[in-house]
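Next up is a structure, given as structure tokens.
For reference, chains read A, B and C in written order, and residue numbers begin at 1 within each chain.
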């Protein structure tokens, strides 16, 4: 069995200070983390590997300046990690990246399961896994906190947003699982499938120290798992053209001051309803 | 200049040493470990007149001069700094404030039970947002934080509202001297512990001075009779300053006590501990440590006794109080640290007295005002003569 | 000169930092308060290979060198001195002695499980009359057939209360003294004749076991002699040398923590209408502290490099231990002063760090011994032999 995990990096938010009024972002400490939700995806893949002996392959979400996050994935237990590079790749958006990744999946000879984070820490985007599922023609399960495989299927526990409908069960999340929605749904899909994991869903394991030392030194079996592919071998230049054009950047407007309501719950509800109606009129 | 203690002061000191060795020393480890001061110890101390040490005889005090009192604090601190600081809080901060600023009625009501040890005093000034800069001011001081605790008149009573922190003796006090902001400026009140609206709250677990209780005090519509006002608008800063200056000298004496006791203990150890075939006292490095410590202690000694003597002359202590307090904190820290090193591993084990002294001595850099603030005061004096004003 | 850390060491530090923040920080106060050793942490560290950080991969270690080990100690020392001390006694002196002087069988039998964190090590040298004067030990080892019988005891042994394997020094020929009369033995703590008499009640590092050990006709097989009979003194000196460097690294972590706390408090706390950071007395304290931390950092990693490149490092290791312990003490003392009352209450980590830091100037060779080592080393180059 082969599991692909899409991983990306994000600037460590604790090293950044945003001054909205001045319209400036100060990067006091430039350090990068593996996307937290992607780490959960990797952890989910490794747990399946522990149970079934599956092969885990890490692919980047998009262009990376170096192979650091891929090395982290190998150190943590992935068998292979593919570094993608090439002319034009640095400028891709998700739409273009998906074309490359779909080709990479094919280049690997397919897979049984593809896991990635349901959302990114910086952009709050959740589209990459979904777009890729579409491109591959695979079913997609979004926002899982628990993943299992068996009998050619994947079984995932996801949050369901209220209200509960027939067929949904309300059960506590599995141990170590995240979520916190009002209800939980167990979704089954035939393999191959794409599943996206919520950040905080699972407690990710630490890398193995020996694997870490070896992969960063480039020695031993673990280092052999790091491969470097040229995107030109996967897609033509046209496929790399992004859909999006970045034209500028703006800060969100200052939040308006709110108002306080008091009284009994009934009184407060009336007050709030009145205020909202007035707002809409304005 | 006469650098000799009087015969009477020598006699008092012998008496203090006797008491401390018999009653305090054997219990010091237990008091630190249990984080408690046994009540019968107060009774015994009161019987000796210690709790009314400097109070006049007509209030059942021992009428000791401040230098003799300093010797008392020094001696007790040598065996247990917690006891010494508890006593100093009671006498220097509270009892003597009543003596100096109280009405006859207040003095008659409170001083005898305090001297008898029936009522222990506590001093409530510091607040969560008013630490070093807690200025009990008559008008908002540009460089200080005005207290948040409020005093509101209500007929022949005053209502107090606010929170006080780090109140030493909090759990054992029968009387709290509380500083609050009234409508026209700072005021202070004698608040009995059983007043309605007064709650002794959280006790800080501390690094050292573990058998003193440091509590948060909650005043919620706490009622005291107007007759319990100790100082009104215009008087506050002086009451605080005088109290803190007296306390500074007492704390300095405690620092002297803990430092000199540390040298005694370490020297004893160094004379008995044999390594490389000789007592470690024979090693020059150990001799260096002891000699430096001894010198620092001697310098501190005369500074403390001089400051105590100044207190007896009745003048303004101010700068001398800051000098001696800051220096004592430095010496107590340096000496206890060095003497731990002389004792090696045994200086680190809690079943030997040195570790406790090390932890207790560290308090002096902070309680009674941090060293940095005392230094500002000294600098203010130096530059005042040169027409430069220094703000903290 | 290249002052950058290699990529594997950068990655290693990142991993350990995360471990320290997520696993150690939440329990550090409890270890101190309850006087507990961090068994769970030791297990977790072992699982990811960190308890063998500097040992060769061939023997179950990580192969990250002394630099890697210093990084581990620095990052652990930054969050919990007790945890760093447990780890340091296990790796730096306990298992280290076997790494330095063990034969192949001993390494296979003992170093491998120790490196994997499957067993815990300790180092048994100090006795009641043999502290700084380590050669003055009295524990006797007498040959009897294919075993040795050990009688005596040790004091102040870190990890002694729960270790599985202890490297014990005993006198095997009283007539010869330190040169030729002391032998190192690998002792398993579940053997008959080994017992733990008591645990010390310490001011700090209360999350460690500091035990008194008793050996009563403790039978040790001859194959557990570490190194050669009579050459134990050399083994223990070499082990202590190595341990000194990494203790200095733990002190670096502690000093770094003091600096971080101080900066954070200085920018948060307002007194007299402005942040403490606006006060020159605070600025001076922080500037001095930061400078010492940088100087110590350079020294620690330079000496780690010397060890990793097989250069002589004895004098420098003693300097790292001496300077590191004093820098850490100064830093935490200053941090306490900056925090005022908050530094004095046990509800805040500074009190614990203050109590923990003090031991570093005393154990693993008092700073007085370190100064003698440094001075002796210097004068030896000039032909003068220093008598202790």
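Everything below uses one rule, namely that contacts are C-beta pairs under 8 Å (C-beta built on N, C-alpha and C of every residue); 3 or more make two chains touch, one makes a residue touch a chain.
Here the structure is a predicted model, which means the values were calculated and not measured.
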Closest chain to global C-alpha mean, per-chain Cα centroids: C
Furthest chain, CA centroid comparison against subunit B: A
Gap in Å, rounded to a whole number, between the CA centres of subunit C and subunit A: 41
CA centroid of subunit A to CA centroid of subunit B, Å: 60
List of subunit B residues in touch with subunit C within their complex: 131-133, 142-145, 165-166, 204-208, 274-277, 283, 285-286, 333, 340-341, 344-345, 347-351, 355, 358-359, 362-363, 365-366, 370-372, 375, 391-392
Of subunit A, residues touching subunit C in the complex: 68, 71-72, 75, 206-210, 212-214, 216-217
Residues of subunit C defined as touching subunit B within the complex: 129, 131-133, 136, 156, 200-204, 271-273, 279, 281, 333, 336-337, 340-341, 343-347, 351, 354-355, 358-359, 361-363, 366-368, 371, 388
Subunit C residues touching subunit A - in the complex, by the definition given at the top: 6-8, 10-12, 15, 18-19, 48-50, 52-53, 57, 61-64, 68
